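Some structures are shown below for you to check.
Heads up, the next two complexes both have chain A, just with different partners, chain B and then chain C.
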Partner chain A sequence: MIRLEPRGPVAVSRLIGVSFAAAIAAVVLAAIPMLFAGLSVFEAYGLMAKGAFGSLFAFTEMLTRATPLILTGLAAAVAFRAKLWNIGAEGQLYAGALAAVAVGTGMISAHPIVLVPAVVLAGALAGGLVMLGPTLLKTRLGVDEVVTTLLLNFVILLFVQMMLEGPMKDPMGMGWPQSEPILDEAALPKLMARMRIHWGLIIALVCALGVYFLLKRTVWGFEIRAVGENANAARHAGIPVTATFVRVGLISGALAGLAGVGEVAGLKGYLTADLSPGFGYSGIVVAMLAGLSPIGVVFAALFIASIFVGADSMSRATGVSNYLADLIVAMALLCVLVSGLFLRFKVHLVGRNARKEAGR
Partner chain B sequence: METDGSQAVPILKLDGITKRFGALTANGDVSLELHRGEILALLGENGAGKTTLMNILFGHYVADEGKVLVGSNDGDLSALEPGSPNAALVAGIGMVHQHFTLAENLSALDNILLGTETLSALKSARLPARHKLENLMSRSGLTVSLDTRVSQLSVGEKQRVEILKALYRDARVLVLDEPTAVLTPQESDTLFATLKKLAEDGLGIIFISHKLAEVLASSHRIAILRAGRKVADLPSDGCDQRQLAELMVGHEITETVREPNQPGAPLFVLNGIFAGQGRDVLHDVNLELKSGEILGIAGVSGNGQTMLARVISGLETAARGSIQLEGVDLGKASVRQMIDSGLARIPEDRHRDGVVGAMTVSENLAIESIREPENQRFGLLRFTELRERARNLIKSYDIRCQSENSPARLLSGGNIQKIVLARTLETEPKVVLAAQPSRGLDVGATSDVHKRLLAVRARGAGVILISEDLDELLRLSDRIAVIHRGVLSAAEQTEKLDRGTLGLSMAGHSEEDAA
Partner chain C sequence: MSEIFEILLSANFWAASLRIATPLIFGVLGALVCERAGVLNLGIEGIFTAGAMAGWMAVWLGAGLWGGVMVAAIAGGFFGLIHAILTVPLGLSQHVSGIGVTLFATSLSYFIYRTALPDVSSPPRIEAFQPLDIPVLSDLPFLGTALFQQTSLTFLALLLVIVTAYVLYRTPLGLAIQAVGDNPSAVESQGLSVYGLRIGAIVAGSAIMALGGAFLTMSAFDAFFFGMVNGRGWICIALTVFASWRPGKALIGALLFGAFDAFQVRLQTEIGSFIPGQIFLMMPYVLSIIALVVVARRADYPRALLVPYFRGQR
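On to the complex of A and B.
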């Protein structure tokens, strides 16, 4: 039998320690199915590490993969801080990508100094606007935002598919459902020659610092934290709770929209309906793994990205499916959730015999 | 009383119980005995360790040291398995929590049966159970309509269901946690009469309280806890309130006195307020608060006090009626506008509405004024000023905390209340709404709250004091009105009132009934 007893306050070092422990535990636990698949665990993890850090190319690939994860992770973290459960980063990412393509494929032509920021802003705005609906439904009518944001993901994805099959289809695309390519003047510049890593990473890092600063040092951040930690007390103290939710919703959606901008204007160059392999959902894992800390999000995103990129590389070498990456990521989330229990409670194991004796 | 024979062997014995939470010793080497037919009052301030001790007894916590021994019917003591509520139930320990644990949508009978029978046996168990309960009710005087849904029972009746639930399970020891907190004075008298009868039948009873008068009137023996240790264990005969209070606090107590004061002009007026629905409603509430006056509002919990406080706070908009502060209409005002027009609010549930536990003391001190220029510039927080102001307030209001950067949830209830007092009173408000300002606070913190409220009155502001504690109301208020089922009576001068008449109007009897 297990008995739980509540614990007192938790130190920051302990919070960070728990995130690391959860990541390590996930890697260890994932070794079990690897053994079943007949792999040598050390060899497999060695291949994964090499795939993520083994060369400059591997490293930049990992950073490229981390870029959208940082942004969707921030989107989840900032919303969850206010206890606004935005599960719709995936849809907001596509909305951002769609807006970026709409602006960046010739709607306006201008110098890159004007056009690139216009593309970025359009994407952020689109993501934010998508989140505005669920937020207003929550504050006005009390509609559960988990349901609305989650379902909007499918609505938006279907809308994107419709646009790609119809009005935004590339006439030169050989019939494939994809958009016209983004103009060179509208694309996010590369950070390194012959590598795929792009300016989206800089945007993501600046956003992480920005969100950190917002939460820590501004009145808005103060209000976001107060509403998230105790909405009743915040309301009682005269903090505009509805306005705070709307603000958080816009910021969160905009961050997810930026992830879409990076993918389409920095990496792929055009929009397809398989732009994101679930970055929006992985962002939730990133945020949870980071303990909702914006700086932590950067590190958690790097961890998750190296798992994804490393597993791809390992699967090419060994023939084991790269679903293993999803397994580790899922395991990491479970470990974080379980470790939350250890943070809040002391766990005692109670002997079965002692129980029986006194029971009757 | 047939207690003389069995007095030698206790029915329950706590032996050297020690329980630590980190650095805090919640219970230090506490030993306690309870005999058949005895009513033991467990007295102590908040945080003295009463609830922890009872939670150990009932198996919610495991003691670090010491053990719980239960006497069997043949008189020998055996150790109770630690950490198992089920073992406590089997051993005949019944607990009535302060917050009832009843399923509102089930009948009283089903609530009592719940958990005693398997689902398949539930139907066939009802008839014998009914007989047993009717027998119990006629013996103890705990009458409840067994087929009524719990949601339709009054608070006193719900408590009787809880007690019956324990008795139905053949409890030999009954523990009641603050049983009178939700009752009118008359209901409390009935409860204690019942408990006396049950004790005469051989039940051992422990009740937790911090109300000295009822402890003296209703117990055989009093055990006093202070800072986790038992400081006294004495027969109730021959004790007086002052002695108990000083044992409880550990030092001498000076009582707060209300100086005579001449109330000034009307300051804050409620006119024909209707609000809320269901149980928490206001029905045509009129109220006039003068400057330099404390207006008390008495009532049994759940008679509309919460809604009244919410309306005055600006959290709820009245469906009808007007609110005026110095002639300015605040009927549709938001919380922000209420604060800005000089209305300070002390919420009844300070943990829920008063502070954000995860934020620091300094942040909680500034939360109502965070958008004021002294706290922010261009939307950026002014940390130096925030910290400095927090330090000053911590000093002048004697808030006990490690530093201004400690999370507020680590503070005791009294210190959390001081945070609320500090941030609301430092702006020199014109009207202070104090809802249950000393609920759950110890003697020291309570007298601090009282002094602050009297100081507000002394400088010419008005105070609306909503309380369930009649002693507090009678001591502080210039006038008292009673709220019952959402209707507020006209306020009367405190000098013309006493506990009896107030109790009757709290129970809904008009003055004509009383005469």
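On to the complex of A and C.
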């Protein structure tokens, strides 16, 4: 049998160790499906590493893929800190992208200094407002936010499809359901010539620092952590629990909305209904892998992004399905959950004899 | 208005309602068995996918239809066991573990499907369950079409409603499962194993969920598609709350839902293109949210739902 003995506060080094252990465990476990698919494991990982780090182009592609993952990872991390289970980052991402397109395709024409921030803010606002609904339903009516945010993902994606086939369809799009392209003045500038990496990465990194500062150094951050530890105790201590949930919901939704802004205004240039290959859900893995630490999110996002980009490249070279990447990411989540035990508890393996000795 | 009555009075409409309800009946029954034992199983969406893929693939490899059903149930039970180990003895967050199981089951199903069938352009088809032709009953006017021209899996779902209700309310095992979701330490003091009951309930519930997925590939369609589960699992989680964790109400909830869905599809063809099709496609999800909101205030959650149990600890 297993006996768990609670631990006290956790050292940062141990936290990082657990994340690394989980990442390595997932990578090792991935050898099983690789062998099943007839791959040589070392060769496959070699191809993946080359695909994610092998050239300047590969490296910038990996950073480009990490950009939305940092933001959706932060969205999950800040919400989970307050035990607000926002599983709706995917929908909030699309809401942000839709708002960015609405503002950035000619609704207003202005100098980039005005227009780019307007696009960014519109996206953040849209994401935040989408999360406001489930948050209020939770605080006012006690409706479980997990289910509402999950269901809203489907509603929002259908809404985006409706807009792209209707009022926001590009008349020059050869009949494809896609939006008009974002104006040059509204687009996030590229960071390097001839590469796809864009200013969304800077925004994501600034957000990571911002969330770190928020959680560590501000009253709001203290309240978020207190509510997450124990909402009832926080209420008795006079912390405005409802207001904290609303704030966290808005911040979390806004971060996911920003991920959508980056993808549409920094990378693709126009909106389609397949903008995100599940960045919202991967963000949950990123956040958990980071132990809900905002700085950790950056590194976890880099890890997950290199899995995705590496697997794409490996898949092109070997013909093995790149669903392998999703599989590794899912296993990373399960591994980090298990290894997280070693953070919160001392785990003892207890035999029958040991139990007898303890007089039970 | 007359179109609406015409829809409601057609036997085909009621047959479609029952057909749409079938996977949801499996899903809600499975979810309520888990939740009655005190564990929320958000692995359901992935377990649906795994059941759909595993069942289909077993039939495709020649296991026969009922062999496929068995394989689907075993696959569901396997992913249920992962969720059970993570949430019961290890006491990890049921939310995150469930999402993890969904991601794992979904990506594993997709990966296996793609690896087994690397470059097929159109998904291969199997000989799916056919509607039963029951002597006398199927030939009844109206009722015959509405109720008795379904596939075996629909009847299995209806049978499972009765079995689940019987086990839950009329057997010592069922009472123990209910107790372990309400007051686990009382169960422990009776000398029963909290872990054993919870793990067993999650594995059984997950196996039932997987049958809902199997219905999709082996009865509603005859092939496996990516994204075919499309949120049905999450809808079941909402319907479970709506059904107040009761098998009978689960059946009614799923049927209401099926009727509404069948109705909107028919309405859509009646009113045609005035309203964008996506509005209709949104309805199941919006309806689920509304169902949750309606019952949220008086929802009588199993008292120990989401609360991990550690021996000798209060």
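Definition applied: the second predicted complex is superposed on the first by the 332 of 360 C-alpha atoms of A that agree within 3 Å, B and C clash if a C-alpha of one lies under 4 Å from a C-alpha of the other, contacts with A are read in each partner's own complex, and residues count from 1 in each chain.
In this text, a residue touches a chain if its C-beta (ideal position, glycine included) is under 8 Å from a C-beta of that chain, and two chains touch if they have at least 3 such contacts.
Keep in mind that this is a model prediction, so the values were computed, not measured.
Chemist: Pick one for A:Tyr45: touches chain B only (first), chain C only (second), both, or neither.
Modeler: neither
Chemist: Could you look at A:Phe53 and tell me whether it touches chain B, chain C, both or neither (first, second, both, neither)?
Modeler: A:Phe53 contacts neither chain B nor chain C.
Chemist: For A:Arg235 in the superposed arrangement: first (chain B), second (chain C), both or neither?
Modeler: first
Chemist: Check whether chain B or chain C contacts more residues of chain A in the superposed model.
Modeler: Of the two chains, more chain A residues are contacted by C.
Chemist: Between chain B (first) and chain C (second), which does A:Thr218 come into contact with in this model arrangement: first, second, both, or neither?
Modeler: Touch status of A:Thr218: first partner only.
Chemist: Counting only touches as set out at the top, which of chain B and chain C does A:Tyr323 meet: first, second, both, neither?
Modeler: In the superposed model, A:Tyr323 contacts chain C only, not chain B.
Chemist: After lining up the shared chain so the two structures overlap, which partner does A:Ala226 touch, if you call chain B first and chain C second: first, second, both or neither?
Modeler: Only chain B is touched by A:Ala226; chain C is not.
Chemist: Taking the complex as given, what residues does chain C use to touch chain A?
Modeler: Residues 42, 82, 86, 89-93, 95-97, 99-101, 103-104, 106-108, 110-112, 114-115, 118, 230-231, 234-235, 237-238, 241, 276, 278-279, 281-282, 285-286, 288-289, 292-293, 296-297, 299, 310 of chain C touch chain A in their complex.
Chemist: What residues on chain A touch chain B, complex-wise?
Modeler: Interface residues on chain A, with respect to chain B: 3, 5, 8-9, 217-220, 222-223, 225-226, 229-230, 232-240, 348, 350, 354-355, 357-360.
Chemist: Spell out the part of chain B that touches chain A in their complex, as residue ranges.
Modeler: 21-22, 61-62, 79-81, 83-84, 86-87, 90, 313, 315, 334-336, 338-339, 345, 347, 352-359, 363, 367-368, 370-371, 375-376, 379-381, 383, 407, 410
Chemist: Can you list the residues on chain A that touch chain C in the complex?
Modeler: Going through chain A, the ones touching chain C are 2, 4, 33, 36-37, 80, 85, 87, 137, 141-144, 146-148, 150-155, 158-159, 161-162, 165-166, 281, 284-285, 288, 319-321, 323-324, 326-327, 329-331, 333-334, 337-338, 340-341.
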